[in-house]
Amino acid sequence: MLFAVRMQVDLPDMDPNARRDLLREEREYSQELQRGGEWVHIWRVAGSYANISVFDVTDGDRLHEILWNLPLFPYMSIEVTPLATHPSDIRAG
Amino acid sequence: MLFAVRMQVDLPDMDPNARRDLLREEREYSQELQRGGEWVHIWRVAGSYANISVFDVTDGDRLHEILWNLPLFPYMSIEVTPLATHPSDIRAG
Amino acid sequence: MLFAVRMQVDLPDMDPNARRDLLREEREYSQELQRGGEWVHIWRVAGSYANISVFDVTDGDRLHEILWNLPLFPYMSIEVTPLATHPSDIRAG
Amino acid sequence: MLFAVRMQVDLPDMDPNARRDLLREEREYSQELQRGGEWVHIWRVAGSYANISVFDVTDGDRLHEILWNLPLFPYMSIEVTPLATHPSDIRAG
Amino acid sequence: MLFAVRMQVDLPDMDPNARRDLLREEREYSQELQRGGEWVHIWRVAGSYANISVFDVTDGDRLHEILWNLPLFPYMSIEVTPLATHPSDIRAG
Amino acid sequence: MLFAVRMQVDLPDMDPNARRDLLREEREYSQELQRGGEWVHIWRVAGSYANISVFDVTDGDRLHEILWNLPLFPYMSIEVTPLATHPSDIRAG
Amino acid sequence: MLFAVRMQVDLPDMDPNARRDLLREEREYSQELQRGGEWVHIWRVAGSYANISVFDVTDGDRLHEILWNLPLFPYMSIEVTPLATHPSDIRAG
Amino acid sequence: MLFAVRMQVDLPDMDPNARRDLLREEREYSQELQRGGEWVHIWRVAGSYANISVFDVTDGDRLHEILWNLPLFPYMSIEVTPLATHPSDIRAG
Amino acid sequence: MLFAVRMQVDLPDMDPNARRDLLREEREYSQELQRGGEWVHIWRVAGSYANISVFDVTDGDRLHEILWNLPLFPYMSIEVTPLATHPSDIRAG
Amino acid sequence: MLFAVRMQVDLPDMDPNARRDLLREEREYSQELQRGGEWVHIWRVAGSYANISVFDVTDGDRLHEILWNLPLFPYMSIEVTPLATHPSDIRAG
């Protein structure tokens, strides 16, 4: 099922190398899930260190597993909105 | 450019026929913009008379024109979030 | 999957008979879903015309279908929280 | 009586061993109260370091004693909602 | 157990006689519960059509029964805060 | 006159002895004012490091003097609600 | 003692004569209390149908009596802030 | 023109001498502006490290210059409300 | 001096002719003040029946006079932010 | 297209030289964009370390690029409001 997720990042002061590594891990983690088809969309919120994403996962357990293991999870505020098919969606059956 | 838009609907009491017509016009209006490629995504917010949509339009004037002319606009609360390309998006350039 | 749902009811003035019928339909609708195993828990919020419920449904589409068809839906404010298994839950796998 | 409780955890930076011990104590504390029948339900909020729980305790003094002694209490924001029997609950007398 | 309750009243336009009767019933209902020892304190919030009260009742079911049956309940917003004994209270223990 | 006061405590990390002394001073300060009749009620908010209190003081200057000199004042968020006699209070004149 | 009070007015549709009379009564009521020395200051909030006022009254009972009897009270949202002497005030003691 | 200003102070831990000097400078700065007629009123908010003040200055540039140069400015949250003459003010022309 | 003003419009159901006249009066009123130099900027908030404007007026009394006399004032929620010259503004003296 | 942007600055304690350099870089960065025509307006919010600005940029990607590269970006809270032409604007086509 689909979930819209808004992630807001608030990084503390950090050693520049540790920070670079952390951001690289985050990117790789996200891109692997995008290639796997579970992380369907990711957009930057213009003007904020934040993204709006859409996930397509089996259930809440899998969604939580994905988000909990984000390398940036300890520095994020996350809002989850469960989605359903919209009756006006031209791609809906 | 891309905008995420959340529309919350609060319909007053209405003659059932007027209501049916209004909802049909809303669906046709939305689907025409979906087919035209400006209304890129529409999802129902599970449990609410609301949707989360993504628009791809030339600018704020066109976005406003589209939203202002929604048949349900007088009954909606609308939040607009301007988007940008996310550096981790595997589909980005 | 599991969802926690808070429903707040705000009934307008209504003919007493229409109101009685509406509340009876709501109770029957709820109890049928409870007996079917999808509406797992329902508690009254002490001091409010509100409930906190837990649903166990296949996905967001089914959750939305259930909530949208509540006889009291037009008079409700609904908040949905997707749940996952807690690692400390003694009943978890 | 029943209380719904939402606990949000915000752990500061901590020595990894101290953190592991703290989380083990929290789990043991929770599971002992679950086995004792006072901590009736515990669910993870998908995407957050948070849980939604239901407690069945004699009164507010006992509820406060349980929550105040949580090993993670100093790092938690807690919201308490007192519950009552819902008239539509099929398990209610 | 003890609960602090804040009740905010928002009366619609009403026939003056109906209003007078309603307010008389509210006062009698409150005073009967005060004499019975369950409605322990009631204070007016200065400048508002609101009160802050303290109830001493057996549990959430009884609290809800009392509040739900307030003649003004349909016109009230109610916040409930469950209380416990404070360790500095000179009347405790 | 009467004031309802809600005090929320957020203690920083502190030397255990300094913390113990501070909490002892807070208790003694509170109990002296309780015995003097100005700090009329104090309840713990179940599940929070917070209290709801009622003060009976000559005016705002005296209320501020009492609260400003609380040993925990630098670590508190305080909300003050001025009260008046409620017309339904059976103890009112 | 002194109270800062913010009054926000939200008038419903009304017969123009009834409205004119109501506003005249409100002005006379306010000015009588200003001349009596209890309503010390009144300022318009620029751009809003609202005022910020300062009252000097004996206690919360008198403040509530004054505000409750405002002709516009049924159409107002009122916030009350109890004041104390500021130690930097050059007019203080 | 007149502005109502609410200043909330949140002082970090500080060397006691530095703190004493800072508070003395703040008082002197405030009193000089009070004597000059631009800082017209200052009241303590009972129970908070906050004040409500009224300024009479030529324009927004002067108001900002005064507030920006407050010795406590880096530790303050400030809300500004522009005022206008109230038509019921007995001192208004 | 300069003020930023956000006006949100919420029109009730209205006779179409009365509505058309009202909107025409609003436009003429706004354009006259724009031509006079006091209403410096007006932008539509994309997706809302709202505008963000900048006014250059002598003081709060004049600002209030302008806003209070807007034909749509009874249907508006208005937020006013007083402005000052920014030290980085290349057009500042 | 046009965006209104509100930037609120919250600088941590910093070496005075590092702070001076940072603020100089911020000013130069802002002024270069002002001269280039993309940063159209910048006003100080009176009484706050904040500004309200208007940007005229090609799209959300360019807006985000500008804001993300602000030297003060890590210390800012930023709100973005997409704008459209207002039908009453006398300068609109």
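As written, the chains take the letters A, B, C, D, E, F, G, H, I and J, and residue 1 is the first residue of each chain.
In this text, contacts are C-beta pairs under 8 Å (C-beta built on N, C-alpha and C of every residue); 3 or more make two chains touch, one makes a residue touch a chain.
A quick note: this is a predicted structure, and the numbers were derived from the prediction, not measured.
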Length of the shortest touching-chain route, chain B through to chain F: 3
Chain E and chain B - chains in contact with each: C
Relative to chain A, chain with the most remote C-alpha centre: G
Result of counting contacting C-beta pairs for B-C and G-H, higher pair: G-H
Length of the line joining the C-alpha centres of chain B and chain J, rounded to whole Å: 28
Whole-Å gap separating chain C and chain H, where each centre is the average of the chain's CA atoms: 50
For chain B, residues that touch 2 or more chains besides their own: 2-3, 44, 46-47, 60-61, 63-64, 80, 82-85
Complete list of chain pairs which touch one another: A-B, A-C, A-D, A-J, B-C, B-I, B-J, C-D, C-E, D-E, D-F, E-F, E-G, F-G, F-H, G-H, G-I, H-I, H-J, I-J
Chain D contact footprint on chain A (complex, rising order): 3, 5, 60-61, 63-64, 67-68, 78-80
Residues of chain H that touch chain G when the two form their complex: 2, 4, 26-27, 30-31, 34-35, 41-47, 51-52, 54, 81-90
Of all residues in chain H, those that touch chain I in their complex: 1-3, 59-61, 63-65, 80, 82-85
Residue numbers on chain D that touch chain A, as the complex places them: 44, 46-48
